[in-house]
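Okay, so chain A shows up in both of these, paired with chain B first and chain C after.
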Partner chain A sequence: MNDRAEGARLFLKTIVARAYPRVVAANRQKSWVFFDLAFPLVGTFAMVFVYEGLHAPKQFLGFVVMGGAMLAFWQNVLWSMGAQFSWDRDNGTLELYAISPTTFEGVLLGMAVGAMFTTTIRGAAVLLIGSLLFGVSYSLSGILPAAGIFLLTLAALYCLGMLLASLFLFYSREAWHLSNALQEPVNFLSGLYFPVKALGAYVGGAASLIPLTLGLDAMRQVLLPGTPRFLSPGLETLAVAAQIPLFAFLAYSSLRFMEARARREGKLISKWS
Partner chain B sequence: MVVAPAARTWTGFTTAVRLGWAVSSNWTRPALFVIYAVLRPISTALILVVMYNVITGGRGNARTYLSFLIIGTAFWAFVNEGVSEFAVGILEDRGRFKMLKYAYLAPLRFPIFLVGRASSKLTSAAASVLIVLVVATVGLRLPISPLEVNYGLLAIACLLAFIAVMAFSIALSMILLAGRDAYGYGEIMAQVLYLFSGAIFPIAVLPGPLAFLASLSPLAYWLELTRRAILHGRVYEMFPNLSDGEVLLRLALATAGTVALGYLTYLWADRRARRKGYIDMDANF
Partner chain C sequence: MPRTSPSSDSSRLAVETVGLGRVYKTRSETVTALDSVDLKIREGELFGVLGPNGAGKTTLIKILVTLLLPTSGTARVDGFDVVTEYRRLRPRISIVSGGENAGYGILKVREQLWMFSQFYGMPSGPARARIDELLERLGLADVANRQISGLSSGMRQKMNLVRGLMTDPRVLFLDEPTVALDVGAARDLRQEVGRWMEEDPTRTVILTTHYMQEADDLCDRIAIVNKGRIVIEGTPHSLKAEVQRDVVVDLQLEPGTPLLDRLREVEGVGAASVREEDGIDRFSLLLVDDGVLTNVISTVERSGRRVAGLAKRQPTLEDAFVKLVGRSMSEEEAN
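And now, the complex of A and B:
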């Protein structure tokens, strides 16, 4: 077998091997299953009650429930992708990745694939529970386009997660705080609980760099008729699709740069300080 | 050298406060820490402001509700820091820094150490509360004037609430020591309290049984009093039929209940932690 074929085989094996614990172990650990469901659900309930306190039309409850389901993905990207190499360094796994005959890209892709699968199940549970509890209904004709937009959004979001993982490689205690700090501002900028149009052209335009913003808005437009339009769903989908190669390239470049720097400065093995 | 018990307690308390402050803040530069500390409450406030604007269109007659949202969000930082961050801090002391057992062995009553750690969290939350209120007052033109605040009422309400929050979070953190992977439970509890506190919506919006449960929590009365102390009748009230004194009485009773329940829970959890070796148990960090 030539080197190229052997490299591809190793790359694929790495993806499967790293995805496996994400799918299997994440469901074995019951407390994680509970958190993954409880965090977005409790947040969703709170925002639903805010709208009820404001006597908002029922349609807005649908915005919140969909936002709550997508929140599960952003939390996953932050904590299980962005901060993951930091945890791995602390428990000694990162140095094993570095000396194994595979690449960090394979490890990251495996993490992303496994996390997408697991979080999709949890996000669907949040959507189902929220929709049933608050009587939210969706346009049937929008389900198929929404599924397509959802897959594109996930791909872009997890490419962003890979970029964050490489950036966080240098952090130790800060990784936890950075993930924590990025949580709420992104909830705001991505319009998790309100239509993105309400942010205005400039803030909404800048927030569009987060794949969640346009992806969620496009899904709302096709599933919840009457959603205030920021951009047309087609244009939003196109923009999200363009973010996939963009973030993938940035993640690759950043990972190469950060890995070289981390090797030089001994950061691949130094634990928290 | 013989140190008087009171002096030793004070030294232990202040050391715990300093330790809590150092662990919370020395991972970065002070300026970045301030930005970090206000990023979350400011973002939450912005989410609520946009939601409010989307529904009300910023109508003048709904502005009392905007004040309700902003003050609730600002003061929520105390509960978030006091419950969620505190619980994570104690679990970190055990699992990551491996020093909880030394604090437990020190010639100082363990609850004093815990109160000190919680005090540092509440102190750092105070800066965030102030900044959110100032930013909201200027940015949203809320009718808040520092000269018109009823500081006496605000101070008494906050003091009682802090006692309740500390009693709750100390008992909670002792219970959480039983878990190897329990660092997220503090945040979950804070989020659940968020639902029951009237921080961002009146508790009357909750379904009947949940609204009753919320009416037993000191947090709802505390937030009501902070709003009244700051805006005197120019803010949406959750208990319009109750006078300030009646709300204060309910806060005092609910606090006393929380402290009594928290103390009993602490004693039980402490005995169990010693018996089962939770104080120095290896945990997932």
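And now, the complex of A and C:
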């Protein structure tokens, strides 16, 4: 087998192997059903009641429900990818990854794929239960385009997650705080509970660097006709698609830089030196 | 199982370092962790790196396993340069550290080992067979399906050793592998390392430890490291021969005024160290000849301390260390 094929095989094996603990954890620690399903539903419902209290149009409830569903994926990126390397460093696992022939990218993707099971269930539960309870209706013709935009958004988000993993190692020995610090601002800037247009051109433009912002807005536009338009769905989808190679390149460069710096300085990867 | 020593004409080197150095710089200070280390470790050797905490052992290992770059000199492991050829080297090495807590407690023993085997690209079937074989050999077959969070520290360290061995590395690095283990678990680990090397005489193990007896029992050759430099290198026998001509005396004193410095000043005392055990100060003294003992006892009497025991014994590696470095390992660590 040539080097390229061998590398691809190792990459796939790494994804499967690193996904495994996450899948196992979902089966062995049933508490996730409560924490990952009940709590997010409560948060989403609270926002729905705010809009209902204000007698907002029905489509606003759809904004909230879709935002609640996408929140699951952002939190997966933040906690299951961004912060995970920092925790792995603290118990010595990151060192073993570094010494092995595999790549950090494979390990990170494995983490994301493994968490996808619970994340998808959580996202789907928010979407289904929220839509049924509050009578949100979607444009049938928008379902297929929305699915495509969703997949592109997911790909861009996970590339961003890989970038965050190395950035977390650079700038913080406390991943917990950094994740917390990123969570609420991103929730706000990506317009999880309101249309992005409300942010205005400048803030909305800056917030577009987060794949969630334009991806969610494009999905809303195709599924919920009448959504205030920030950019056209086609343009927003194109921008999200362009973010995939951009974040993939940045993540690759950043992970290589992190590894080189870790070897040079004797820290980052090791909990001590 | 007794292990045959590598043949002395074995010319292939598993590890070669030339002028290897590592300096850590912070805003406030510059620390030399490793200073001009020259090492030649032959294929098939079990080589011990012995020294107190902070001597530079772990820095050396981290460079050799490609986790850390040297700031000077070169190092090759299994023929590959650790700086420029690290990607080709990594599949050929493995490391097991003492007190290692890596992995995920939710996984079962067999699952965790399989996970790590995949990072080396091992086919799942042979990996599982190899894991089961090693678990059996280390007496872990009964806990193969137990969650890692429920393992004792001894079991956990045995599992870590299985992880280190299962990929069949050319060079295995053991960094203080028996630290904080009970006697039985430590013995099992040492036995398995010996057996693993016996299976293939070209396998090489680099062991760092500050347990003198462990190094003495296991290693073909030893390098004593202190303050980032290799103080001496040789077989355990040759190192002990450094103190063979000395008279080694264990002197036990009941508690009293500090006496170590005064004993070191006695003419004919080559080196002295002390450790406290069960309320008794146990001095190890290297004397140039028996006659010096009279002066030692006089010094003790003048200090008012009471002798609880006195015995001559065979020299150990610890004695060699004290003679070469001037202080005991624990004194060096305290410094």
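Just so it is clear, the second predicted complex is superposed on the first by the 256 of 273 C-alpha atoms of A that agree within 3 Å, B and C clash if a C-alpha of one lies under 4 Å from a C-alpha of the other, contacts with A are read in each partner's own complex, and residues count from 1 in each chain.
In the analysis below, a residue touches a chain if its C-beta (ideal position, glycine included) is under 8 Å from a C-beta of that chain, and two chains touch if they have at least 3 such contacts.
Note that the coordinates shown come from a computational prediction; the quantities given were computed from them, not determined experimentally.
Upon superposition of the two complexes on chain A, no clash is found between chain B and chain C, which fit side by side. In the superposition on chain A, contact of A:43 is made with chain B only, not with chain C.
By the touch criterion stated above, A:13 is placed in contact with chain C alone, chain B being left untouched. Using the contact criterion defined above for the overlaid structures, shared-chain residue A:98 touches chain C, although it does not reach chain B.
Of the two partner chains placed by superposition, chain B and chain C are both touched by A:29. In the superposition on chain A, contact of A:198 is made with chain B only, not with chain C.
Applying the stated contact rule after C-alpha superposition, one finds that A:54 touches chain B and leaves chain C untouched.
Seen from the CA centre of chain A, the centres of chain B and chain C span an angle of about 90°, rounded to a multiple of 10.
When the shared chain is aligned, chain C comes close enough to touch A:21, but chain B does not.
For the overlaid pair of complexes, the smallest distance between C-alpha atoms of chain B and those of chain C rounds to 8 Å.
When both complexes are aligned on chain A by C-alpha atoms, chain A residues 29 touch chain B in the first and chain C in the second.
Residue ranges on chain B touching chain A, taken from their complex, read 27-28, 36, 39-40, 43-44, 46-48, 50-56, 65, 69, 96, 179, 181-182, 184, 187-188, 191-192, 194-195, 200-202, 205-206, 285. The residues of chain A lying in touch with chain C in their complex are 6, 9-10, 13-14, 16-18, 20-21, 24-25, 28-29, 91-93, 95-102, 107, 262-264, 266, 269-270, 273. Contact residues on chain C toward chain A in their complex (touch as defined above): 22, 24, 59, 62, 65-69, 87, 90-91, 93-95, 97, 100-104, 106-107, 111, 114-121, 147.
Residues 29, 31-32, 35, 38-39, 42-43, 45-47, 49-56, 60, 90, 173-174, 177, 180-181, 183-185, 187-188, 192-195, 198-199, 272 of chain A are the ones touching chain B in the complex.
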